[in-house]
Amino acid sequence: MISFLLIILASFFFMGVVVRTKSIASGRRGPGIFQPMKDILRLLKKGSVYSKTTSLIFKIAPVAYLSSVLMAILMVPHGNNPGFISFDGDFVMFAYVLAFGKFMIIISALDTGSSFEGMGASREALYSMLVEPAFFILMGSFALYTGHTSFFTIFSTLHYGSYISYMLGALATFVFVLIAMIENSRMPVDDPKTHLELTMIHEVMVLDNSGFDLGLIQYTSYLKFAMYGAIISNFFIGVLPFWISIPMFLVVQFGFAIAVGVIESFMARFRMGHNPQFIFILTSVSMLIFFGALLVLGKFM
Amino acid sequence: MIIVAFLTGVLLICGSLIFNRNKFINYLLVALFGTMLLGFGAYQYNNINTIQLSFFKPDSLGILLLLALCFISIPILFHSYRYIEKFNPDETPRSRGLFFAAMVLLISACGVAYLSNHIAVTWIFVELTTLSASVLIYHHRNIRALEGVWKYVFICAISITFIYVGILFLSLSLKQAGIDDMSFDSIRANYDKLNLFWLKLSFLFIFTGFTAKLGLVPMFTAGVDAKDKAPAPAGALLASILMNLGFVGIYRVYAIMTHTPLHTWANTVIIIAALLSVFVSAVYMTRIRNIKRMFAYSGIEHMGLVMLGLAAGGVGVYAAILHIILHTLVKPALFLQYNQIYWVYQSKSIYDVGNYFKYNKTGAIVILLAFISATAMPPSGLFVSEFLIFQSLFQSHYILILVTVLILLTLIIWGFGSNVFKLLFSPSPKTMDKSAIPEISPWESFSQYVLLAAAVYMAYNPPQRFVELIQDAVKLIQ
Amino acid sequence: MIDILLIALAMTLLYMSIANRLHTYLRILVFQGFILFGATYLTLTNVNTVNLLLIMLETIVFKSIAVPWFMSYIIKRNKISRAAEPYLPYFVSLLIVTIIIVLAIILSSSIKDANLDKTYFVVALSTMFTGLYLIVSRKKIITHVIGYLVIENGVFVLSLAVGNEMPMLVNLGIMLDIFASVLILGIFFNKIGDVIKNPDVDLLNNLRD
């Protein structure tokens, strides 16, 4: 329960911190921290316009997307507390629930009959496909390392002994940050600010959504960020008591948001053809993490 | 001690050859080197099986190859003098000095490497031969020579790395037994304690590395390009003593393998490589148009046969060593005669030659006799050794391989023969300017007659000491 | 700690497979030199100090400073274009290098010998085969030389694995490095640059039957 509440809380200020960081890095003062939430509230009050070529899918996709992410959040633990849903192998369900949400958005983009949205949908599908092995190998390495297969049991029994486990933790954090950037369609894979339709990936998928639906979709992406931040913070929290773990959680989310802002300010988006390489590198690096986990366990000797 | 003295002398001669521009002093230095080499060979022959400088031991195989090297170095040095003097009178003194220095270094590095008792020392000298051979290949300094030397250096560098990895694996296999000394003697004394897995890997890598020098699949391409681009006397050296160096390296490591349970596996590896080499040589011989490359591929075929004899065992090992020594005598004859062919026709291609009998009778007879030798027809010396190799293949029940090799050899004889007969008997091409052909003195071919006759003599009436030395070398494998 | 360095070396291989420009290759080589420097210090504890200093000096001076500087000099002097031209797209290269590393892991886990530290073996094997792959899959001659240097780094790692018992072998490996670098780079590449402009492997096809 507490992790669910914490993630929702973090999602309120996450995007604001990112936008603020980007503004400060460009030399401006920037909007307030809660400005993105105010934008969403404004959108939620508006009505939606539905095109005649769309069908039921287009209407239910945003809600399905939001509910899939909410269900995924239910599985994320916080320190010593498991999520609402916690069973052996739940990180597999986590990945596929998120994939279900993404699938709904992709087919709703195809539903509009616009070729631009179809193009964005196909790229989005490709990148998600390429990043999926990275996530699984990473979680698999940690499962191997700790001997358990549920999010909660993995993170609660994770402890850092030798040098190499620290390195694994650092590498895993790095890979996770990049996975989060890719799954949320941010730089350096996708530029959320690009106006050119040929270079859009995620933005183009939601071109035709408006009003309430658009608000839902935007809030879902903030939630996803906060969710990944929560998983990353779990690498560090371990089994510390509440009065340490909650501030640490907030600090990690804050740090994650600032890191996202910094990456977005200082990196240009990669050439479209280079994106698959970049994404697949995460898989290769996570394979090296797997190898490192084998080494630490002594299963390799 | 004498090895140190020999090597210092060689280095001094090389240095003075490079820095000295006077032609007469260059020739004097080369003649001095020739005498030093003969003295070195005689000394080692008298001190057989003594350990010198803790890394060198002139065992019988080393002595045999060293004496063969001494024997052919004299005509080759003489012909390189003729090459510079008559056939290329517009050499700059610097390139002449470099040419002779590289030849001296190549000969001495090969000679000393035959005697080494430690694989790492052989490896160091193989590196030195790569260095000196590349200087020789680049002698003409045009773009085709550059291409040849680049390919040679690159493939040899990779092969040297492979040999080094093989040495590392060999040390790993010794590590388990706790042996520190990696010389061949100490490995031979500790057969049963070697770790077989690492020994397998090390043999594979060392074998692959040495095929660049020996001229087998997979790294033979370096040698073919080298012999094509290098001046003919240098090509003669590359085709004889450098291949022997590859043979020595593989032979010593194979001698370790024969006493372990991996003997049959090593035989399989060698047979595969050797059979593929004969196959490759047959394929290229039938469509080759460049005379020098034809000689190079013939060398590859002979090395494939030698390795088949080695792997077949029994009398095959004796035949392999005999074949290598006879090949060392015959192949330079071909290369040395090539200078005169080029002098007459000014071209390497088979399309531009013909009617050699008219222009150079003695040379043409040399080519005819050398062709008979290189394709191992009686009465050449190589006939004896090839026959023994076939006999050993038959005795070891490798019938299918024997049949395949015989068919491939027929193809090779056809390819080689059609080219050589075109050179000798067919009418000369009409585009040739017949008035500009120079006179070639018959004495230029004298050394080649001596070499061919020596090959015949060594095969049919070998001195007793020679046979004993070969049998001694065979004992390394038994 | 040594495992971390070796895994970092494996990661540089992955980066090398998708590198676009020649200067990236050189920077990766410099980084590999530093990694090997640290690895030498941590591994060779049984070797006497003078020898160890010599080896470490060689790794730093040769692999990290001299050779990359010389190669950038060659690139500038011969005006070689900055992109590495592969025969296969970069994504396929990345896949192949990943597969190479996985195969190396599988191969070395099937060795039952307890004498060898497996990490060295995996990293050395994957580095050598990646270097070989770089030679085969790139068009320019200078990337062939870079691939050869990567192979040498892999061989150096392998020699570290046995270096404690036989330091002479590590010295031999260094000799190989120096010899090959001097011979290949120093003497001939200069000459190739003088004669052939913008060297591609296709230009080396004149020498054939």
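Here the chain labels run A, B and C in written order, and each chain numbers its own residues starting at 1.
Simple rule for what comes next: a contact is a pair of C-beta atoms (placed from the backbone, for glycine too) under 8 Å apart; a residue touches a chain by one contact, two chains touch by 3 or more.
What you are looking at is a predicted structure, and each value in this text was computed from that prediction instead of being measured.
J.: I need the common contact partners of chain A and chain B, sorted by label.
T.: C
J.: Compute per-chain Cα centres, compare each with the mean of all protein Cα atoms, and return the closest chain.
T.: Answer for the innermost chain: C.
J.: If you tally C-beta pairs in contact for every chain pair, which pair wins? Let me know.
T.: B-C
J.: Nearest whole angstrom, what separates the Cα centre of chain A from the Cα centre of chain B?
T.: Centre separation, chain A to chain B: 66 Å.
J.: With chain centres defined as C-alpha means, what is the inter-centre distance between chain B and chain C in Å?
T.: 32
J.: Using mean CA coordinates as chain centres, what's the chain A-chain C distance in Å?
T.: So the centroids are 37 Å from each other.
J.: Residues of chain B touching chain C in their complex?
T.: 120, 123-124, 127, 130-131, 134, 138, 143-144, 146-151, 153-154, 157-158, 160-161, 164-165, 167-168, 171-172, 175-176, 180, 182, 195, 197-198, 225, 228-229, 284, 287-290, 293
J.: So in the complex, the part of chain A that touches chain C is made up of which residues?
T.: Touching chain C: residues 163-164, 167, 274, 276-278, 280-281, 283-285, 287-288, 291-292, 294-295, 300-301 of chain A.
J.: Any idea which chain C residues touch chain B in the complex?
T.: 111, 113, 115-116, 128, 141, 144, 148, 151-152, 155, 158-159, 161-162, 165-166, 168-169, 172-173, 175-176, 179-180, 183-184, 187-188, 191-192, 195-196, 204, 206-207, 209
J.: Tell me, which parts of chain C touch chain A in their complex?
T.: 1, 3-4, 7, 10-11, 14-15, 18, 90-91, 94-95, 97-98, 101-102, 105, 109, 114, 118-119, 122
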